[in-house]
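There are two complexes below, and they share subunit A, which is joined by subunit B in the first and by subunit C in the second.
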Partner chain A sequence: MTFLSFSKPADRPLLIALLTTLVILMVGTAYTLTTQGTAPLLTPSYLLQQLQIGSFLGICAAGMMMVVLLGHIDLSVPWTMTAAAMMATSVGGPWAIPAGLSVGLAVGLLNGFGVSFLRIPSMIFTLGVDSVLRGLMVAHTGGFAPQTKASPLMRYLAADTFLGIPVAIFVWAFVSIVIAAILTKTGFGKSIYAVGVKEGAAYLSGIRTRRVIIGSFVASALCASTAGVLLAGYSAKAYQDMGTPYLLPAIAAVVLGGTHILGGRGRYLGTLIGATLIVFLNSVLSIMQMPESYRQIIYGVVIITMLLVYGRGKQN
Partner chain B sequence: MNSSDAIVQLRGVSRYFGGVTALDNVNFSCKAGSIHGILGENGAGKSTLIKILSGVLGASEGQILNNGKQVSYRSTAEATADGIVCIFQELSLVPDLTVAENIFIDQPPRRMGMIDNRKQRQMAVELLARIKCEDVDPDAHIRELSLSRRQMIEIAKALAKNPRVLILDEATSALTSNDVETVYDLMNELRADGVACIFISHRMKEVDALCDRLSVFRNGQHIQSFDKGGLNETEIVQLMIGREITAQYPPKRSTPIGETTLSVSSLRWENSLKGVDLQVNAGEIVGLGGLDGQGHKELLLGLFGALRGMTGEITFQGGTYKPSSPAQSKRQGLALVPEDRKTEGLMLEMSIGDNILLPNYKSVSQAGVINGRLANEAIAKAIELLQIKVGSADDPVETLSGGNQQKVVIAKWLMLNPDIILLNDPTRGIDVGTKQEIYRLMRDLVEAGKSVLLYSTDYAELIGCCDRVCVMYDGRIVSELEGDTLTEEAIVAASLNIHKDDPA
Partner chain C sequence: MIGKLKATVLRNRGFTGALVLFAVLFITYQSIHPRGFSTAVLVQNSNEVVALAFVAIAQTIPVLIGGLDLSVGAVMTLTNTIASHVVTGTPMQMLLGAVLTLGAGTMFGLMNGLIVVYGRIQPIIATLATGAIAIGLALILRPSPGGDIDGDLNWAATNAVFDFAETYGFADNGNAAWIQPFVNIPVPLIILLVVALGVWLPFKRTVTCRTIYAIGSAEGAAHLSGLPIARAKIAAFTLAGFFAACGGLYLAIQTSSGNADLTQAGTYTLNSIASVVLGGTSLMGGTGGPIGSMIGAFILRIISFFFRILSIDPLLQPLIEGLVLLVAVSLGALRTFRVKNKLGLFR
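Showing the complex of A and B:
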């Protein structure tokens, strides 16, 4: 199946990221074996638990990839997540999830409009939208932790298991299949790549570039709101700033997965691997009880080193 | 001319770009205190010549002498230091700096290492007075000025360098008539001061009025130099043409002309289109002729919906047609093969297949999902139809030769089966064999009742391919040539707008 092939030179980053993920797992296991004599990292239950936590990041990264492929970026992810979570919990009941997702839809449309029609650079526009959402949410909650609770369905999707596997992983898998199918099997997906390569040429090819840009931002915001709703379900409630820790790792996952930050190149499989890499890097660092300061340093060094390695490959 | 009084001289200069010869063994000299006009068609080597003189390009072979001393400039700064200054067609001003800052951008007056703003401003005022632009505030930002004023600032910038040789490449094309007069006076003044001006213009009347001596270039060769009045206009045009036929063309129209496909009247857009009237019928190839920058590019882009704010009446296939976007034009049955296939026509790093499918996803999708079998069939059909030489349709387009890349551009549009196909210089830079295939293809399309509107910089191609040629000059169609009147002489004359009374 072509989805899993690594034959092209452009797929080198994917291979490197995959190997790095395995190396991280092995280093972590070696550490636990020497210090505790056990290998918890390699037990299925631990792996599944990590992937369950990682699914929030993975879903954010999937959406982020759609805009990065255009050569844009979505910095409104943190408060889109938070706003979706807060709206979902305050509406509650059967309408909780639709309420959260409609926040995503609205934010995506707004971002897309600002970038495609108003021609404001996405880095600025989405940053502004993020700030506006934050203000709205602070006004909505009065700045306190909201007292509302996640609905049972949100709890089930985020925290429960089905056939022994966390349901959140199924949600991540579903989002992944949808995004991968859009990117490889639809004209919209191909147009995203074309706009990312050269917007002018795409326009002259009769592609409705504005719609493509709006569509991608909607996809990103929908993913972010899905992640927000899930995270609220996992924590049983929404809380201030809950999305902030996900923005930079989501961008990192996309880039580590071989997607070109200036757009036009990248496969969804790469983003999947990139997200997994970051999840396991985090969990290995926490198993090693690394102080936060060192964790941040190692985290940054790994990202920069890997991008340097990718860059080398392209010049040859 | 006696070579001893020449200020600059080229001896046996050639310049190659890869396998293409842009200048071929050129001997050329220019006297101090004279205005020397250079004439030639597009691609005759004029631009290469001035680029070599001004240090932008090096010569592949031959010698350049400045004041009798052999020189070889590695940069424009070196040429400028030696007194050779060029005003290029493209403006080189920084929009967000002031007039004074722009004029002295490379050598500002300094005091203790810092730019002396007061002195700079005062020097700018003096220069502006010299070009009769006293009304321009030296502290104004360039972006606030009109195009004509900007061009004048460009001239002031060149004068600030105290040139002994001043090269003007189409420097007057953007000027208003008042400013043109000023530039003429200025050039006469410079001539009296012993400066040599090399003047490139497509406006025959200007060249005639101003220059002491003229040189004609053709295909990278210096054909002849003569003093003003030595030859009349017809003879000059003759000199500018006269090249061998390099391609074979398919026989002309065998089907009678069908109904009008596209009809355009008084189309205007900004400064580029000044009232274009044009008709294209089913079953005919209509050519657009003329020199670069006369509005052909804007006309084609405008018809394809890529320009905003265009006014005028267009009917297409019997109905009113208001181009609003390429996507809409595509659906209506228009196609455009743009000027630069590398930046406008293709996604170089994407695969051949993806490029061909780009405008066509609808036709190979079912319920929004691409059907792999339909897509592959469509790609195979397109490759077969245009005989594109590919290893695999999954290879990136950039691995193909120029000719095959152009075929991919054409292929992606033909899949849509457009009623009219607009082509902007489709054969530029591609080999003769592929050219002939493209000619054949255009002819097949019109035989099948389609229409083709073709702009080409190659006059021989216009004559060989087209049933009718409309020549553009200064944003208008000034002449329509057909049948016996369709000759190179007529096209060149119309391109220079010297065929009859000036319609303006």
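Showing the complex of A and C:
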């Protein structure tokens, strides 16, 4: 089980993130014990419910990680999610999910093309794609919440349970296994790390770096559209701006999980832990009925503190 | 003389391109506007551009070192809420309030710089987190939009020089002969240019500023040359905080209020990055400058002005804005056609 080992020094962030998650749960439990005398945070049903809501973030973070490992970033996640959700609900029926995913495929190919062939910094190109998608959706819906409904299959995948466990968690687990397998078992995965460390060197070693970049952006957009389709299923409809609250937490989850923002280093397990940490931080803060202002401050302080604790960047 | 000019233009291709694009857009806009080239239109346009221009200038300096400041929009929002509390009362109190506002933004920028340099956290992720903190503080200061900024100050700072003089009763209420050549210039434009050039031009001559450019070109080489890397990085983020605070202060005076608007902060940050790129500064760092970003901000705003006078379906506006942004940044791809060695692509 190399997937679950923490032996290398590079895995220190993972351990710290895991411990922080536990500390967050303990603080939350201590709070509910003192104020209400109960510990709802530790009941399986509550944990599962939180993970079900967190699965949308987890899937976004999984895709984001593929791009961050290259040293790039995907800022088109919000409207890829929204566009996928809107297309899925307006197509409806059995073709709803394929319609949503094909939005992701198209966006990923476009992002990958811009970054790999046109050599435009991903930060600005994906930002442009995001605003184009927003424009397309505003033109499509008239700027209002579309009057369309999620298909029964979308409802089942996002909001139903199987053997007492929410189906959304199975979807998250499936995406996780696929991404982890790609990163550790395939040549494509190794190439992603190689390109992330030094693209020029990877190119000289015979890696087709352009294909690797396009592949990663497609993976990211597919994950974002999956999350969008699921979120539409969960809320039974698509709505404007539904993806916006997921962008920054997804980046934060990837970075808190020990993936280096400049690329080349990081394990999928870390992203999984990072996403869980943010999900539980959110749920503890909502149990404490923390106002939005303090939430934002705590959020920022937690990210800074954890990154300060992680070995920090090397001095050059 | 011509040769020198040609060399300067070629060296600043991005900046020149932005300037030409701006001139074309501006002249076209004013020509088809029914009341084009009038003071009223110019005043209105400059009012809408100042805050973004300041935030774009703020963004440029961290970009020059090859970093990125995702907190500029949030710092602008934070200083906007601070200003809505303190810029009030007697003229002296208002002046103190303005200084306090700018100081707060500068301090926030300094904190960013210290975290990046001594915490050794990547700028993009450090400022993502401090941006959240700034928004949180802004929400505490202004849970709901409001504030009370002096009406005279609002009127004087958002109109032409004539109204400024009339409000404060100098130069014969704006009728003196010596002020006549200037009466139609919008005050916001003067504020923007005086602050931007007044801070940037002297700073540009310092070693710290040259170090900022050197870090962006090759940090290792700059380090080995004995340049003050830490000082330059801290200065870059501190200046970013200062300029973002200028944006926040102006926004407060312009709207007479403070508003802790999360979406607005995000939009300003993203637009500032777009302005920087449009203004010819490379996101890799090392080339470009804040004056270009200012022009970039002008371009970004003038595109939306066009929607008002051309009868374009409002539903299509976001799409057109997005496409223009995407096409404009794709012009950067022209670089790839000049690269002779394929390895040159991987810089």
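One rule holds for everything that comes next: the second predicted complex is superposed on the first by the 310 of 316 C-alpha atoms of A that agree within 3 Å, B and C clash if a C-alpha of one lies under 4 Å from a C-alpha of the other, contacts with A are read in each partner's own complex, and residues count from 1 in each chain.
The definition used in the following text is that a residue touches a chain if its C-beta (ideal position, glycine included) is under 8 Å from a C-beta of that chain, and two chains touch if they have at least 3 such contacts.
Here the structure is a predicted model, which means the values were calculated and not measured.
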{"item": "Touching partner for A:303 - first (subunit B), second (subunit C), both, neither", "value": "second"}
{"item": "Contacts of A:129 with subunit B and subunit C, given as first, second, both or neither", "value": "second"}
{"item": "Winner by number of subunit A residues touched, once subunit B and subunit C are compared", "value": "C"}
{"item": "Which superposed partner A:206 touches (first subunit B, second subunit C, both, neither)", "value": "first"}
{"item": "A:265 touches, of subunit B and subunit C: first, second, both or neither?", "value": "first"}
{"item": "Contacts of A:193 with subunit B and subunit C, given as first, second, both or neither", "value": "first"}
{"item": "Partner chain(s) touched by A:185 [first = subunit B, second = subunit C, both, neither]", "value": "first"}
{"item": "Contacts of A:251 with subunit B and subunit C, given as first, second, both or neither", "value": "second"}
{"item": "Residues of subunit A contacting subunit B in one complex and subunit C in the other", "value": "198, 200, 203-204"}
{"item": "Partner subunit C, residues of subunit A touching it in the complex", "value": "73, 75, 114, 117-121, 123-125, 127-136, 138-139, 142-143, 198-200, 203-204, 248, 251-252, 255, 261-262, 291-301, 303-304, 307-308, 312-316"}
{"item": "Residues of subunit A that touch subunit B when the two form their complex", "value": "181, 185-188, 190-191, 193-194, 197-198, 200-208, 264-265"}
{"item": "Complex interface listing, subunit C residues touching subunit A", "value": "68, 115, 119-122, 124-126, 128-133, 135-140, 143, 219-220, 223, 260, 270, 273-274, 277, 283-284, 315-323, 325-326, 329-330, 332-333, 335-336, 342-343, 345-346"}
{"item": "Residue ranges of subunit B touching subunit A (in the complex, touch as defined)", "value": "304, 306, 325-327, 329-331, 336, 338, 343-350, 354, 357-359, 361-362, 365, 368-370, 412"}
